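Same chain, two partners: chain A is paired with chain B first, then with chain C.
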Partner chain A sequence: MAKITFITSDDEKITLEGTSGSVMALAVENNVKGIDGDCGGVCSCATCHVHVAAEDIQKTGEASEIELDMLELDDNTNEYSRLCCQLEITDALDGIVLQVAK
Partner chain B sequence: MKKNCVVIGASHAGVSLAFYLRKEGWEDNIILFDSDPELPYHRPPLSKAYLTSSDDIQKIRLRSAESYKAENIELRLGVTVKKIDRANKSIVLTDNSRQNYDKLVIASGARPIIPPISGIETAKNIFPIRTAANITDIRNALSFSKTKKVVIIGGGYIGLETAASLKKLGASVTVLEREKRILARVTAPEMSNYFQELHSKNNVEVLTAKNVISISYKNNQNIISCEDNTQYNADIIIVGVGIYVNKELAEDASIICNNGISVDETTKTNDSNIYAIGDCSFHYNPHYNRHIRLESVQNAIDQAKVAAASICDKETEYNTVPWFWSDQYDVKLQMVGLSQGYNQIVLRKESGEGTYGDSFSVWYFNDDTLLAVDAVNNAKAYVIGTKFIKTNQKVNREKLADSETILKPVNLID
Partner chain C sequence: MKKSELPDPFKNAREETGIGKMNDQNDPVAMFLRHKDVRKGAHNWKTFQSGAIPGRIVVPSEVNIRDLRQIPFEVDPPQHADYRAIIEPWFRRPLEEPYTKKLSEIITTAIDEALTQESVEVVNTFALPLQSRALTVLLNSPYSESETWISWGTHVFRSEGDPLDGDKAEVLYTYLDEKIEEAIKNPSGDLYSKLVESEFEGRKLTKDEIKGIMVLTFAGGRDTVINTVTNSIAYFAEHPESLQQIKENPEIINSAVEELIRYFSPLTQMGRVVTQDTQVCEHAAKADTRISLCWASANRDEAVFKNPNEVILDRKMNPHVGFGFSHHNCLGATHARQLMRILLKTLAEKVSSIDIIDFEENIEDLDQFKRKVGFHKINVKFNSKNN
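What follows is the complex of A and B.
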């Protein structure tokens, strides 16, 4: 089980618990504003963009090449950017904080 | 008294609309009707990962049952609407009961065409690909089939994705396409050639100029006959030849229809209390300056957002560049824009051997205007194409065509 905190563009803080599936699916299920996940999690749309807190970047690991390319769709991409459909929920993600991209 | 927002159709468009309505602040009732008894699910995986895996349908739900409850969204599943009564602002169900509406959203989508081929009604194990139940039926039929011979009628995206998936499941697959090339309606010949070769490499027989004229059932086999006097045997037949728009409810209620239900830039029909979104809506696309109908998840979601805002009296306007995707084998195809009306293409190979390599893109132009990009295993091209199309960026086609030019926006403009 992992506790994951989302901070939305209105500075709302939402902490959710998940056991499996993608972080995107967890966010969509709980109506986290700004995470749409339009393509259903196949890295085709870039509508689940988050910025991982700097201290958590070790836990999430690095984005794949296709994910990095897709992130370029968004103008607000930085080194902490991830598409959260590509983050699989495991115990390793416990405690991470994700800022939903604008 | 609370108002009712009634939605006909609880697939991607209808369900998205319901949740966006809550986000926009709609506090009154939301009631969704759909004749499919399943809790709403993602459709794109049906021909892909859902078919090849033994996954439970839970894995592809749009939302969990609890999530609808939490947002107070009422689902009336397995219920068919037979009439829209505009005079009384109500809809009539097949059991003649009624549901009143203040706002009505038609998100009725489309249904597969079953072509009028002689003998098709007596064929065995014949399935379209539209619902989760279709996929369960196909999985079952395949597990009982000894020869696992499948014929797919139609070489569009649905047919080709299904061919790749069934091959993965060990079936022997033949695709029969009526046109001279597969994907003829939606892509350039270069793309058709690439996918023809891809399927051939994976031992799927893709045959073109095959007009199926009759199907007979003899000795526990379907025999599919084509106009050119060829015949193919199959245990299972998949039909993927396109769709009919579910616009009859609207037409019968004198809502203006064309190639779909006609809507304005806020997805409203000619009745100011009735909206139409998703596959069934015939709408104006400002970017391409024409009326279109789109069969895509993206369009379903984008129009749901617009309709939700409009119903909540917020200013809104539909304005997006369409995009699509398709997965076949380990190939990822991403498409942006509408290529119709192109008079020139640029094929750009990124890497690998042969004409196409293992990563390439096709760029469609009308004179100097970039209309669309099809990118195969090349998300970078897709992303750059999207940005260029959105901003009407002029592209240097010579540099684009040159694989030596590194694929970066700054390198492709003058």
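What follows is the complex of A and C.
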């Protein structure tokens, strides 16, 4: 099980617990503002863009090339950007903090 | 070749030069064929604009048949974002439960009826009515309006045989004028009324702006949805095991819909007008000429998609551009996705197999390329699970 914290654009902090599936799906199920997950998680919409807290970047690992290409052309992209549909929930993600990009 | 197959006519040109050439009413189009160039082109609105004279970014060009600007489609940032802000929340209603419930009823009724028939012509008697009835939910208009829209036939803008016949558009324009007047007099809960009361940059929208938004809602969501539904039926006719796969693993439905959109790419391309001399794939794009973003070619780019010519319903990484990319990405996508998700779910529940009886292909003539986008007609027999 992993506890994941989302910080939305209006500074609301939401901590959710998940055991499996993608971080995007967890956020969408719980109506986290700014994460829409339009494409259902196949990396084609970028409506699941988050900035991973600097200290958690090791836990989330690196984005694939396809994900990076997608992020490159999105707004507000920085070195901590990830598409959270590409983050699979495992114990390894426990405690991470994600700032919603939109 | 399988009947449901849509071949990729762009492969050689995409690999060799990356650019296709299409002459269109003496205003030629340089088609971007590679995934990377298509996405960059869509993103770079300063060099590749949408806000040219109305009709010019459409291929074939509609410059000679209309003056009305379609909104937000033919507007560039920053105004584009202001228009989208007005309508975006409305186009996200398909995520709400009452909306999906209505769509589900429409789709279930259509499939139940098809199952009772000896043969069904899918384009005109299944996909078109389905598309029109579903559109009443999007516009929040009375269900009975769909009868009028169905009577217009499959193309709102195009008469059979002549893609540039303006008369058909007149029917739609006259209809929209009436509806807008009605909404001004007696506001209801429909999209027209919503637009009548909306503010843009501190003022009300003009009637032409409202019409420009509504035209697009009718035109953009018609052939595209009809082809998607029809091609899906043809696909499942030849792949009954896929229906079984969806039945057993309903969690793949979202990726299945994205994959079908990638494979079908119901909108082949969309143009832009070049604002300053530039170069793409060694092609010199001069200011005031046209380029196009060829979504259909980008979606088969082997640099991005493994086995691009195969439909892999549970494809995990699928950065397709079937709904466009960047600012102008499809506003109707939420509606189209929900419709398709429910269609797949309901087909998998109720239909055991589909037999294709006969068909007539719909081939787009793109000058250098001929692309099959679907069917003009396809007769099938739906077989029920409960026989």
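Observations on the structure shown:
Simple rule for what comes next: the second predicted complex is superposed on the first by the 102 of 102 C-alpha atoms of A that agree within 3 Å, B and C clash if a C-alpha of one lies under 4 Å from a C-alpha of the other, contacts with A are read in each partner's own complex, and residues count from 1 in each chain.
In this section, contacts are C-beta pairs under 8 Å (C-beta built on N, C-alpha and C of every residue); 3 or more make two chains touch, one makes a residue touch a chain.
In this text the structure is predicted, and so the values were computed from the model without any measurement.
With chain A as the common reference, the superposed partners chain B and chain C clash.
Once the two complexes are overlaid on the shared chain, A:Gly61 sits clear of chain B and of chain C alike.
Set against each other, chain B and chain C differ in how many residues of chain A they touch, and the higher count belongs to B.
Contact with both chain B and chain C is seen for A:Leu73 once the two complexes are overlaid on the shared chain.
The intersection of chain A residues touching chain B with those touching chain C, taken from the two complexes, comprises 36, 38-40, 42-45, 66, 69-70, 73. Residues of chain A touching chain C in their complex: 36, 38-45, 64, 66, 69-70, 73. For chain A in complex with chain B, the residues that touch the partner chain are 28-31, 33, 36, 38-40, 42-45, 66, 69-70, 72-73. Of all the residues in chain B, the ones that touch chain A in their complex are 19, 22-23, 42, 44-45, 60, 63-64, 67, 71, 297-298, 301, 323, 325, 327, 332, 334, 379-380, 382-384, 386-387. Contact residues of chain C toward chain A in the complex are 36, 39-40, 43, 92, 254-255, 257-258, 304, 315-321, 325-326, 329, 333-334, 337.
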